[in-house]
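Each structure below appears as structure tokens.
Each of the two complexes below includes chain A, the first together with chain B, the second together with chain C.
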Partner chain A sequence: MLRYTARQFLNMAVTLLVVSFLVFALNELTPIDVARKLLGPYATQDQVDILTKQMGLDRSLLARYREYLANALSGNFGESILYRRPVAQILWDRLGNTLVLAGICFAVIVPFSVLLGVIAGMRERSFIDRAISVFSSVCASIPEFALGVFLLAIFVVELGILPGISPLSTSGGWPIWSQFVLPAAVVTLYDGGYLISMIRASMVEVMRQPFIRTATLKGMPFRDVVVKHALRNALITPFTVILLQLNYLVSGLVVVEMVFAYPGFGRMMLEAALNKDIALIEAGTLCAVSVTMLTQILGDYGYMALDPRIRV
Partner chain B sequence: MADKLHPIIKLAGREFADGNLDRREFLRVATLLGVAAPVAFGMAGLPTPARAQGTPKKGGTVRLGSRVQDLKSPHTYSWVEGANAARQSLDYLTYTGIDNVTRPNLVEKWEASPDLKSWTLRLRKDVTWRKDNRKLTADDVAWNIRRVLDAKTGSSVVGLLKGFILDEFETGDKDDKGVAKKSTRLWDASAIEKVDDFTVRLNGKTANLGIPEALFHYPFMIMDPLENGEFKVGSNGTGAFEMVELDVGKRAKFVARKNGHWGGGAHLDNFEIIDLGDDPAAQVAALVSKQVDMIYQGAITTYSTIERIPHLQINMVDTAYTAVARVHSIKPFDDKRVRQALRHATDPEAVLKVAYRGLGKRGEHHHVAPTHPEYADVGYMKQDIAKAKALLAAAGYPNGIDAEIVCRPQPDWELLAVQAMVEQWKEAGIRVKISVMPSTQYWNVWTKVPFGFTTWAHRPLGTMVLSLAYRTGGAWNEANWSNAEFDKMITEAEGYLDVEKRRAVMAKLENLMLEEGPIVLPLWRSVFNYTDKKIKGYKIHPSVYIEAKDMWIDA
Partner chain C sequence: MNETGRNILGGPLSDTVAAKPQRKAKWRTVPGRTWFALRQSPIAMFGGIIVAFWIICALFAPWIAPFPPNKLDALLIAYPYPSAEHWLGVDNLGRDIVSRLLWGARTVLTVAPVAVLGAATLGIILGLLAGYRGGWIDALIMRIGDTLLAFPRIILYLIIIARFGASAFNIILVITFTAAPIIARIVRGVTLDVRNRDYVAAARMRGESTLYIMFVEILPSARGPLIVDLFLRLGYTTVTIGALGFLGVGLPPPDPDWGGMVKETYGMIFIWPHMTLFPAAAISSLVIGFNFLATGLQEMARDA
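Up next, the complex of A and B:
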């Protein structure tokens, strides 16, 4: 167990190193001239050349990567050229905002979709199953930005009971908590719709198993059949998918963050990429990769707890 | 008018009296040459424009929805959004109003030498720096001018004033292709001269009528030399506000200056800028739920929504803002008949309607707008598919041509315009593929792509645009266009003060562009933004410059 964990972390360190180099190298291919971008299209070539030299961008890729790596290993992730501040400051701020939103969404999505998925799946083709299935496929099939605009039209334009954007500041006259409602609702409906279908399918599958029939035929109350026998088995497959939602919730919220002007991690990464802000792209990517790998390790332990047949 | 008048003003006055110079142009010339605006308005027989909309009330906050960018280096700003933040704390030497007339600001008065090479700037004596109440002096101003003209600073003022006051020289280095690198320096040691404590003189090497307008170029803000060219929270300034908070990508906050501002100070207590990102839906949402009171610029997709919301107002102004589809002279566009075919195949009115909801004017395929004083009406080119086909066949392409156009996805109207034109061109057998490239990438290649769709900002004079964009070797000549006759005529046009004489040359220039030119120009767009009706004292500027100190709130 300990050895397994140690190996996983070693694996993670190597992956991070490789990814950091790949991102650095791929970034070179982006056809953006950083100095030109900073000075704008109307600066003369001479001015751009001077700034390129000042920023050390005329040195070779390897020289710059070596310098970056040395700094990163000592805990200095450099300065963002977009925000002109240390990367750590921006990153933790935006990541923090996203984690709050992701946490709220995760806390709602999981119980909500497990509950609905199980209810729908335990009595296949019943009325309640159909109702939930329709609801979940509608939610999952409307794109996030469209869902966002629908909710905006209803709750902001028509009813006027919720704020239209979520800059997480009170200067707009709306309390902070109210600014989480719409972004969280969009993510919950969109992502929850998908999870409900997943869990329902898995539940239907389990309910068809012989041991369920046995349990039912021996006279066990239906409630006990579901809770004691079906539930745990039905959750093994969706468990990975549920954990994968963590990755999505950290780095995939970019659309929702754009629609609601939410100062989060996804929007920050998009802007960093558009501006070739290498220090920020690197740090952000490493964060996203770490989250992915940590959820993987977590997933492995979760499997062991759920399925006694699996051992490391 | 006890002051000595510049000889050109006398001449201009005569032309104006003879009816050759239109009022607006006379005003522009007179104010540029140093006649105070109210006096010039009097000379032109026009009332001074009224600014007031009722009596301003004190207090309150206005929140502007706009990108909040890094503000560290005002002299190198490359986007208006940054300048709209810093201009609340820092002032310009001059101010070009929404009527294209440039007025004194920190400079109380200016005088030009008869040959227009030397410009004397006399500063107001009542301007003080907020932090220490020091007076603004000629030394401060000279330091700023020197700094923006230094190649190391990286300011776009260099491109604007290069011909007037800078010399190009070879640095001795060579670039990858072995071409000697060039840099710029002041052409003469006495180019920026301090005359006395409140007077600075610019001694140029060539005549230039546009100096006062150049002094209002948006990175040309006057900073305290003690701040070393950096602008941050609490930075000193002569402006009406102090920046008290800056969170890039989120928010900037300004509070009104307490100790006397030379212009009478702000009516508002606070001015805030809130970053809404690039999504137009977020802008509407923020306005509707009153989280912001105005936004920097409206998008065409949100126009009809805003019209229906009772507490919001749409502000609009006609401009020379446009975008041109322009080609390099390489196959198949090396043949002028193919370039003509491209124009004949375009239906500007349809493009204006589809891409910009008809909010603007139809284009005429030459880069001189009806808002320019020297605009000559050489006729509107109606779509003529048969003629386009005939021209292509004559050029040796009876089966049409294939090409690829590069454009940006944002602002949305640009892509819509390209799509509309591509559909129209298809009818004439010009099959064009659209390649969409994010703005940041587009600006790296805008002069290099063979066929591109490039946005052009509003400039007060037609000659300024033509000289910048189409003169052989011009800094922003993205089409690499070179035509000796064109170059000769544009120089001739720049030499005439008389608008009618200039218009006569302009007509020839415009016709030359229709015959030979590298562009399709589908529309002139109006610029608009949205404000809450409670905001008074605000009018939209053709360049969307926003001055919070003039605003007040009527709740």
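Up next, the complex of A and C:
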């Protein structure tokens, strides 16, 4: 167990190293003039050259990568050329906002999709199964920006009961909590739609097993068959998938954040990418990849806890 | 493998169908098989109709579009709503929305299938190679795939597109490289499963080349899961292209692109909601079509 954990974390460290180098090198393929960007269009070529030298940008890729790595390991991710602030500050700020939204969404999505998925899957091809399946399939099919636009049209334009943007400040006259409703609704419907069909499929599979038939035939009430026998088995496979949603919730929310002008991590990455803010892109990518790998490790342990047949 | 003995999903043909010789002729042609498969599932049929509708729109856009898609007409903005002349109204620059939707279908239905085919080709080759050869080749391919998959998808798109610019070619490239590892994993799984079966061993005894064994003997076994995955992937890819357009890193303007159309007009949703809602509905319907097709095919594969 201990060795397995150690290997997982070693694996994670190696991947992070490779990823950080790749992103660093990718931005070198067609070098952009950072010094020129900082000084603006009216600086003379001499000034640009001097700043380039001062920032050490004239050294080789490997030398600069080594320096970057040494700094990053001590927690210094450099300066964002877009916001003119240390990367770490912006990163934690935006990541915090996204984690709040992600937390709310996760707390709603999991019970919502487990409930609907189990109800749909326990009686395969019944009317209620068909209804839930179509609902979830439609929800998962509508792109987030389209879903956002539809909900905006209904709840903001027509009914006027919710704010259309969520900048997390009260200057627009809407309380903060109300600004979470629409973004969370979009994410819940889109992502929940996907999870419901996963959980339903797993539940259907379990309900076809002989031990369920045995339980039913010995006269056990259907409710008990579902809750005591089917539920745990049906949740083993989707468990990993549910955990993997954390990834999506941390780094996949860029579209939703754009629709509702939410100051989150995804929007920061988009702005960084559009402005070629390398330091910010690099740190953000490392952050996102770490989240992915941590959820994978977490998923493995959860899997082992749920299914006693699986051991390292 | 006997080609007529299996349906398009790789499942065995049911007895009733196999017993009727007059059905056999239909099974020989791809459209005949597809039609038969579609008739079995209402949900696949429904998805198929939506997709077919958009394919027809895309194919005939130059002839059925009432106006040129990029034709500006500032005078029309006085009354941009749907009218007899402009069925779905005009957008904020006075461009006819019906025409832009039709031409937009053309864009998305070119880029998405090409990207998915690219991903499938690369994924199939890598998956077969990893599964059949095993050893260090397998380890290397899977390791690279895992590293690519560790990147959150949308962030990988942003990095690459911000670096190399937004163009149809770059979008296709990015989708190819992010989807190929997943397809490779599916193919590898099937390959590991069948590579020691008798018919593969027989082909090896006959002295068939590795290429022949990989593509002719092994690949058909992966047909079922692959077809379902490809339709799902067409749906995802359509969403991705739309999302990139919405984020402003999609296909360059002014050519119509459904995501881009939503981006350009959603700030005006309070006064002119139709400009945003129609393209949003168009892209949603196409993705629903692809996903329903995939769901139907999946159900058929399970029942077979």
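Just so it is clear, the second predicted complex is superposed on the first by the 282 of 312 C-alpha atoms of A that agree within 3 Å, B and C clash if a C-alpha of one lies under 4 Å from a C-alpha of the other, contacts with A are read in each partner's own complex, and residues count from 1 in each chain.
Here, contacts are C-beta pairs under 8 Å (C-beta built on N, C-alpha and C of every residue); 3 or more make two chains touch, one makes a residue touch a chain.
Just so it is clear, the model here is predicted, and its values are computed rather than measured.
By the document's definition of touching, of the two partners only chain C reaches A:V289; chain B does not. Contacts of A:V157 after superposition: both chain B and chain C are touched. By the document's definition of touching, of the two partners only chain B reaches A:A43; chain C does not.
By the touch criterion defined above, A:L82 lies against chain B but remains apart from chain C after alignment on the C-alpha atoms of chain A. Look at A:T240: by the touch rule set out above, it reaches neither chain B nor chain C. After overlaying the two complexes on the shared chain, residue contacts for A:M258 are found with chain B and with chain C alike. In the superposed model, A:L274 lies in contact with both chain B and chain C.
In the superposition on chain A, contact is made by A:V149 with both chain B and chain C.
When both complexes are aligned on chain A by C-alpha atoms, chain A residues 30, 145, 149, 152, 156-157, 164, 258-259, 274, 276 touch chain B in the first and chain C in the second.
On chain A, the positions that touch chain B within their shared complex are 30-33, 36-44, 46-51, 82-85, 90, 145, 148-149, 152, 156-157, 160, 162-165, 167-169, 171-174, 257-261, 263, 267-268, 271, 274-276. Those residues of chain A lying in contact with chain C across their complex are 15, 18-19, 23, 26-27, 29-30, 133, 137-138, 140-147, 149-150, 152-153, 156-157, 164, 197, 247-248, 250-252, 254-255, 258-259, 266, 269-270, 273-274, 276, 281, 284-285, 288-289, 291-293.
Those residues of chain C lying in contact with chain A across their complex are 146-147, 150-155, 158-164, 235, 238-239, 242-243, 246-249, 259, 262-263, 266, 269-270, 273, 276-277, 280-281, 283-284, 287-288, 290-292, 295.
Contact residues of chain B toward chain A in the complex are 61, 63, 70, 72, 76-79, 151-156, 158-159, 162, 171, 175, 181-184, 248-251, 253, 272, 274-279, 281-282, 284-292, 305, 309, 438-441, 443-446, 475-476.
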